[in-house]
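Should a chain be cited, it is by its letter among A, B, C and D, assigned in written order, with residues numbered from 1 in that chain.
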Amino acid sequence: MSELVKISGRQFTILVIMNVLGTAIITVPAIVSAYGKQNGWFSVLLATIFGIGMVVVYNAIYKKNPDKNIYQQLELLFGKWIGKLLSFLFMLFAFHITIGNLRVMGDFITTQILIETPVEMVMFLALITCFFGVRYGIEVIARAAEIFFPYIILSIFLLLILVTPEAEITNIQPILQTDVAGAFAGALPLLGYPFLEMVLFLAFMQNVNNKRIEKQFLVGVTIGGLLLVVITLVCLLVLGVDMTTRNIYPTYILGKKISIADFLERIEILVAIIWFFTIFFKITIGYYVLIIGFKQLLQLKDYKTTTIPFVYVLLVFAVFMRPSVVEQKQFLTSAWIPFSLTFGLVLPVLMLVAGLFKNKKGGQQQSP
Amino acid sequence: MKRKIMILLLSFFMCLITAGCWDSHELTEMALATGLAIDKEGDEYTVTAQVLNPGEIAGAQMTNRLSVSTYSTTGKTIFEAVRRLTQTTPRKLYLSHLRIIIFGEELAEEGIGRAIDFVSRDHEMRTDFTLSIAKGMRAEDVLKILTPLEKVPANKVFSSLEMSQDAWAPTKVVHVDELIDSLTSPSKQAVLNGLYVQGDIEIGSTLDNVERVNSPTLIKIDHIGVFRHDQLIGWLDEEQSKGFNYITNNVSNTVGSVACDKPGRIVIEVINTNTELKGKTENGSPKMVVHVTSEVNIGEVLCPIDIMKKKNISDVEKKVEKKMKDIMYASIDKAKELNSDIFGFGEVLKRQVPKQWKNWEQNWDEEFTNLNVDVKADVKIRRTGTISESFLNKMEKNKKKDE
Amino acid sequence: MVQASFICLLSLFIFLLEYKRVKKLQSKKDKWTLSIGFMIALYFIVSMILDLPVPSMNKLVGKVFQPVGEPFSNMLESFQDQ
Amino acid sequence: MAKILRRTRKKKKKKIVENISSDYNQPIKQTIEENKTFVNAELGNSFDIVIREFKLGKKNPIKAAVMYTDGLADKDLVHNYVLETLMIDVREAELNQQIANSQDLYNRIKEFSLTGAELTEITTMKAIFNHLLSGDTIVLLDGFTNGFGVGSRGWQDRGVQEPSSEQVVRGPKDAFTETIRTNTALIRRRIKDTNLWFDTQKIGKRTKTDIAVAYIKGVASDDIVSEVKERLQKIDIDSILESGYIEELIQDETYTPFPLMYHTERPDAICAGLLEGRVAILVDGTPFVLLVPALFIDFFQSSEDYYQRSDISSLLRLLRFFAFFLAMITPSAYIALTTFHQEMIPTPLLISIAAQREGVPFPALVEALMMEATFEILREAGIRMPRAVGSAISIVGTLILGQSAVEAGIVSPAMVIVVSLTAISSFVLPHYNIAISVRMIRFCFMILAAIFGLYGIILGLIIMVLHLASLRSFGIPYLSPMAPMGIKDQKDALIRLPLWMQSRRPTYLNKQDKIRANTKEPKPTRQ
């Protein structure tokens, strides 16, 4: 079923951009400015460069078997059983990303917008929406992303333009003179946060109907990363280091700063709306990757079989994921880094090495 | 598809059954607060809220009831007090449309830091209200005064603060994020604008006050209060406040006068000012250069001088420059006297000479008192108004002839 | 308890609807996966409602990766305090 | 009716019984008498069937009969070109000794006597009934098992009038009628191309409605044409009374609020569709012609867009999208803003809304639902009422419900504004179809907004877009050319660029004959 479905290269790029922005757009400025201070934007830039490097690795894996997704490749490279085990671990990673994003969304909405609504309800509604997306399949998800994309980009630019009158260059001075080491360190949590998560795209890259898919992937990550850099920069310029760091959701506060002619103000919820769209696609992609993983793992006939049970499981795990916002930040700066590195960096590199080894072996077998 | 619709409907149904509408608050259930006054009594905070009566402001039929009312209560913390207000208000207090928060002078002298945390943490609070201090009085008294013209007193205060900052200059609108920025920064001290009530507070809080053409009680905007950390330690007077605004590049439009050589004054209107702060190192100690460039118009000529002459104009320019320098030095001296770096000179130094700053950071207070500040002013007269030479000259001549 | 049974009932209904669809696939594996999946899902959701302990993903990941993550965390913290 | 439809959808459907007693496929009987009794018996002696018996020839006269359905057949035609010519010509031929035996007579009649334009030889009873009930005239001769059907269809029809549902300021003012032949003629008159093909068939076991599938060979994609034909083939139903039947029976997805087929009574719109490579389905008995595939943006385009300046049309199109959005979202946004996100409303506006809501006893959701429902009732009442009463309803609606309700303090004036804005916005949409779907979706959004505020609205929007993206109309994604994006097709989607820029047909529809124009930007040849 899913093998027949094809999405276009442009849609793929849009999905990549959405995934880079996803959760990051609203929280990243606070994280990086905590370490890099006024050079926080530099951390994002570093992380983006790293992310682009990672995409090259992912592209290399894709190129080995352009018609197989990561689960099939794992089974091909490491044999059926080890492959299945690795697939399962990879799905655990996808699972964690999905519930993590769901939780971030729930936390944001219950702290900023719907204060008294139980977080379970907020996440449930989001999950139901994602469920529809997954049920309709990647093609429909990609098309919906294409519809929302212009709106998202427009909103981001509108936000950036509308707050520029409040920007003060002094807020990011001195540029790259002090706290540079901090800026390098600040890139660390960012690696795993939006960029290593890109490994999830390996699960359905074979569905992309474009020969220049590798370029599309690179373009997506670059645009997404640069947008993040710009947003961080504007956050720092307008809010200053202190405010950016102290607020959990600085980009949202940025929206509060908009005030044009005493009329265009109080529209920060528009920021939230941009963000709903991006994070929706992020959760949906994670969910989808998880589901097709199960299809491959259990050799099911239809990937849709496991969608409904997963609504429950995702909801429950997201609810119990962490008791508070504080732990989220704690987790992000400690265990998350090696965890994401394992699946986003070590596993792909391992796959590449295994591929080389196998090729050699295969070549030797064929030659005589 | 039918299945999916069923599921969707069911989940809706479930939502509605389980609880539904957690966050919805009808407008008729909430009290819109426009002003909040915070005073301290012993170790308890007194919070006073000015609540709107919408029907009286925009309703179809107006009665004689007041457009606002105030409620006050005390609590160990501000959040507690705000919540306790529901005991007295008929509706839940809604703070998103807050225009102004006023601190009592007593509280300000003791320290406003603790009061601010709630303000910045609560999700209902936005950042677009202003903060001020009730000078020489309790903050709640300011909120009680009814104002003519503007039905919502808090709105009146808010808009006159903004207007006078724009057109008169010795006031400063401070928003909460700016205040927090100053409170946390080691190299900058906070300022807040002052407010006071002129006249009888009792009369001011009755309809009587707004029913007269000449309201006996008014809310007046005062000058800038200087903080050290979070404690109010002194006030700048009008000139010093103006100087402060010149240094912090906060003047957009103001009026000032200089004396002529001959008896009389020339009034100039400042239309465009730009201030550059430069931090330098001089023999290992910090030095600040304040450079003000200003474009002015001549607003009033009250002395016999031919302003069409280039020399006279440049004369006036020099005088204005001197005057500007004087008021800036005055406010710097006052700040030094109070030992409070309200101008953020420390920040500038940190930005511009980050390496040397590390040496001064520890005892910046001391360094600030001895800081060498060089003020330069550059004034350009652009226009002389709609008439060239003042008719006063001719009139005076005629007068003399008659005599 | 009422809530739990309500959700169980609802789930049963959804399960039946979904089962009808999966039946059309004529794959035994799918049917089994769905049934077992629903069972697990119900177990989790009921234990959430009844406040029974549910394994936390964070703790699991934390347990495995915390030792490796500690140095990162410490390093980052050192920058934060500056 | 619904029962029948449902039954046909089931797998084990019962065969629709066409005739109860007789075998229609039997040949025509030998004698006139026998035939007459059979026809009369089968049609239950219906009084609108006219059977005229007479004799042909003088020497050895043969019994003959003419049958036609009164009202369906053109009487003048029957008299002048069947009866009269038959009698005169046969007599003349007889005088000239051209008829020797009855076979000669038969041939003479076939070749000379019947001067009607359409003539078919018929052999079975079934054919007799088919012709008779379509308005043709049947000529039977005693002793022959062959007869003639003479085309004499001519019933009262409305004539070509102005379209009642889609009016334009500039553009042709003719509309389709209930007669399929008139309709095909209206299309043919506009496209004088040999490649314009009409593929006809009869659907409906009892109604035997004429259906014509029209397309331009080579322009319309073969896949779509064959898909349409296949789907039509699958229909097994006793009656087709309107094109809505066809629409419901062949559309891609039934459970969707969005129209997946486009219907119009404007010939120019159909012609434009055909020229873009779409397929039209004409149904006898209705002025509404179907056009497939229909995409989401088609419902925001009016044929007038192409008759007026492109900049104006572009603006109007954008306006329509905006109105669509307003019609869908306004009441729910009002609910969300006033009950959830009061901080988003500027203070003076909030104060005035709060003042209006003072004393209104209902929560915003109930107030909104009440007003919206009232409005829908008013609109429905207005549509079905005779025109004279219609204006009375609007007075009742505006004065009594609007003004008095506000004065009585049951609803707030702001709510009235919201409802009117919604209503007027939904009238801007050029197609009734999409306006109806908006009406439905609006209520879902209102409930979502009442539970989750803007968050609910956004998630509702996402679900709606997902649903839209999942739809296909005859294999074409419903949201093309937006998603999947076709850069070239944007010239005639959200905006309309000048015609000389649109040199290609929509790429999502056409794979074969892509170029449709090759004009340059108009410039004066002489300065």
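Annotations
Quick note on the criterion: a residue touches a chain if its C-beta (ideal position, glycine included) is under 8 Å from a C-beta of that chain, and two chains touch if they have at least 3 such contacts.
These numbers were taken from a predicted model, which means no experiment stands behind them.
Comparing the chain pairs A-B and A-C, the larger number of C-beta pairs in contact belongs to A-C.
Central chain (C-alpha centroid nearest the global protein C-alpha centroid): A. Computed from the mean C-alpha positions, the centre of chain B lies at a distance of 53 Å from the centre of chain C. Distance from the chain A centre to the chain B centre is 43 Å, each centre being the mean of its Cα atoms.
Our note on geometry: chain A versus chain C, Cα centroid distance of 21 Å, whole angstroms.
Rounded to whole angstrom units, the spacing between the C-alpha centres of chain A and chain D is 48. Taken residue by residue, chain B touches two or more other chains at 8, 15, 18, 23, 126, whereas all remaining positions touch fewer.
Contacts with at least two other chains are made by residues 114, 117, 121, 125, 128, 132, 265-266 of chain A. In chain D, the residues that reach two or more other chains under the touch definition are 340, 343, 453, 463.
Across the complex, chain B is touched by residues 253-256, 338-340, 342-343, 347-348, 350-360, 363-364, 447, 450-451, 453, 463 of chain D.
On the side of chain A, the complex with chain D involves touching residues 8, 10-11, 109, 113-114, 117, 121-122, 125-126, 128-129, 132-133, 136-137, 140-144, 146-148, 262-263, 265-267, 269, 272-273, 276-277, 280.
Contacts from chain B toward chain A in the complex involve residues 4, 8, 11, 15, 18-19, 22-23, 120, 123, 126-128, 177, 180-181, 184-185, 347-348, 351-352, 354. Chain A contributes residues 111-112, 114-118, 121, 124-125, 128, 132, 135, 170, 173-174, 177-178, 239-240, 242-243, 246, 253, 256-257, 259, 265-266 to its touches with chain B in the complex. Looking at the complex, you find that chain C touches chain A at residues 11, 14-15, 18, 21-22, 25-27, 29-30, 33-34, 37-38, 40-42, 44-45, 47-48, 54-58, 61-62, 64-66, 68-70, 72-73, 75-77, 79-80, 82.
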